[in-house]
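Accompanying notes for the structure given below.
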Amino acid sequence: MHPTPPSTGSFQLRVRYVECDPMGVVHHSSYLPWMEMGRTELLRSVGESYAQLESEGVFLVVTKVEVKYRRPLKYDDFVEIRTRAEKTSKVKLHHSYEMVLIDRGGEKSEQVCAVATTELACVGEDGRPKVLPGWLRG
Amino acid sequence: MHPTPPSTGSFQLRVRYVECDPMGVVHHSSYLPWMEMGRTELLRSVGESYAQLESEGVFLVVTKVEVKYRRPLKYDDFVEIRTRAEKTSKVKLHHSYEMVLIDRGGEKSEQVCAVATTELACVGEDGRPKVLPGWLRG
Amino acid sequence: MHPTPPSTGSFQLRVRYVECDPMGVVHHSSYLPWMEMGRTELLRSVGESYAQLESEGVFLVVTKVEVKYRRPLKYDDFVEIRTRAEKTSKVKLHHSYEMVLIDRGGEKSEQVCAVATTELACVGEDGRPKVLPGWLRG
Amino acid sequence: MHPTPPSTGSFQLRVRYVECDPMGVVHHSSYLPWMEMGRTELLRSVGESYAQLESEGVFLVVTKVEVKYRRPLKYDDFVEIRTRAEKTSKVKLHHSYEMVLIDRGGEKSEQVCAVATTELACVGEDGRPKVLPGWLRG
């Protein structure tokens, strides 16, 4: 039996050198994999794994992304990714995210540096739309 | 003397293996660097270079990104990135993009696989907002 | 009928902003996808495609990489990747590479900035070693 | 006062979806940022930070990388990166690494999936060779 999907969750990461660009800040494309990790960890927090979902023939593809960058993040920053499951339909999942600076060089913080939303569609191995497993619809 | 900024431009690229994910399609984060290249090539088409801009102390930072993914792109696809400069203000630049499949394994196409918009802000070396060079405002 | 595999080839690329790091130079990990592209283009130069090989159940996995970085490459540099097929065995392919700066900001050059070698093994869809198609063994 | 540099250290990470390729395994270029993180964590384990080093004008650039890939790693694998500081000279640092699979889908393991070595050179802000801070030479 699958559990009720969690509505919010968070995890923390350390900014990698490779994720930063010549301006000395995190490249704007580096935030997208973090949001993907946020969704993975949201599932894991209820004992599910996305890897497992894929092995059952359920694939979640990103169909829309919107990110607003408010303040730069830097190499070695300690960052919290807060993920929230928003409304779902039969074939789509919506999430929202906050990227929060927690610690920079020992200085504690709680600054929201970027906010984002995504829309995901459920597809089968053939790439065609597929109804979401009921338990994921909440 | 700087030239008038171009309003539209395009360039073509071959999808890299590393840009694709276990679903066998281009990872959604891989589109963002392509859009960045689109902006670079738009400048180059009038004899300007973003590298040069940075060396003059003018930095353009992405403050907002929105991407809609319609159809998957795959490894070795030949893709055209179409970039259009939209409205500008004193400190912000807006662009829109189309990612168009041109050739897949020898089969010609003209499918728009993703569309996107970005907002960029002009900042100085200190990261503070800065008025855009007049010629970039169009 | 498959053609004789080419022994040398080259292609050119423009360094992307996202490939550079806070030191303002190309991150050392960014060279590896370029070498992968070099192998892809080497095949294409004789009318083959790696995408096609995979669809025939032939996968080439990197089992060893060695790179020596001599001089930094920078954003917007125009670079030539020179790829050479070296000795092959029944299950392994060896290649060598030169990453050559061709143009930096309009200044022509022919500086070898990095050299590298790779070893690839042929595997099937199951990940198990597989004898290379004869025509790839040269 | 700076501490004695540590000779060995380790940290653990979860493989990201974006780090994997169409073969369903970690792309060979994804290991290099992990090794970079290994060096960062080795410094941190004695209260130092590479970010701090750079702010003092000490930059460590990778001049040589060698990686041997023995077994594939996959999405969501839990991996331990073991880093060892090897011999140093006045201007060069040598490290060796093991990438060890710790957990795959709940199954514990201790498989060394890749081994690697790197050589780093110390340079100043101008990119010119610079003598390593004494405490880093061990």
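When the chains are written out, they are named A, B, C and D in that same order, and each has its own residue count from 1.
The definition used in the following text is that contacts are C-beta pairs under 8 Å (C-beta built on N, C-alpha and C of every residue); 3 or more make two chains touch, one makes a residue touch a chain.
Quick caveat, the model's predicted, so the values are computed rather than measured.
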Exercise. Weigh A-C against C-D on C-beta contact pairs and write down the one with more.
Key: C-D
Exercise. Just grab the chain with the largest centre-to-centre distance to subunit A, centres being mean Cα coordinates.
Key: C
Quiz item: What is the distance in Å between the mean C-alpha positions of subunit A and subunit C?
Solution: 32
Quiz item: Just how far, in Å, is the C-alpha centre of subunit D from the one of subunit C?
Solution: 23
Quiz item: Considering subunit B alone, which of its residues make contact with at least two other chains?
Solution: 17-18, 22-23, 29, 32-33, 36, 75
Quiz item: So in the complex, which bits of subunit A are touching subunit B?
Solution: 22-23, 25, 28-30, 32-33, 36, 54, 59, 61-70, 72, 127
Quiz prompt | Residue ranges of subunit B in contact with subunit C within the complex | solution = 14, 16-18, 32-33, 36-37, 40, 49-52, 74-76, 105
Self-check item: subunit D contact footprint on subunit B (complex, rising order)
Solution: 17-18, 20-24, 27, 29, 75
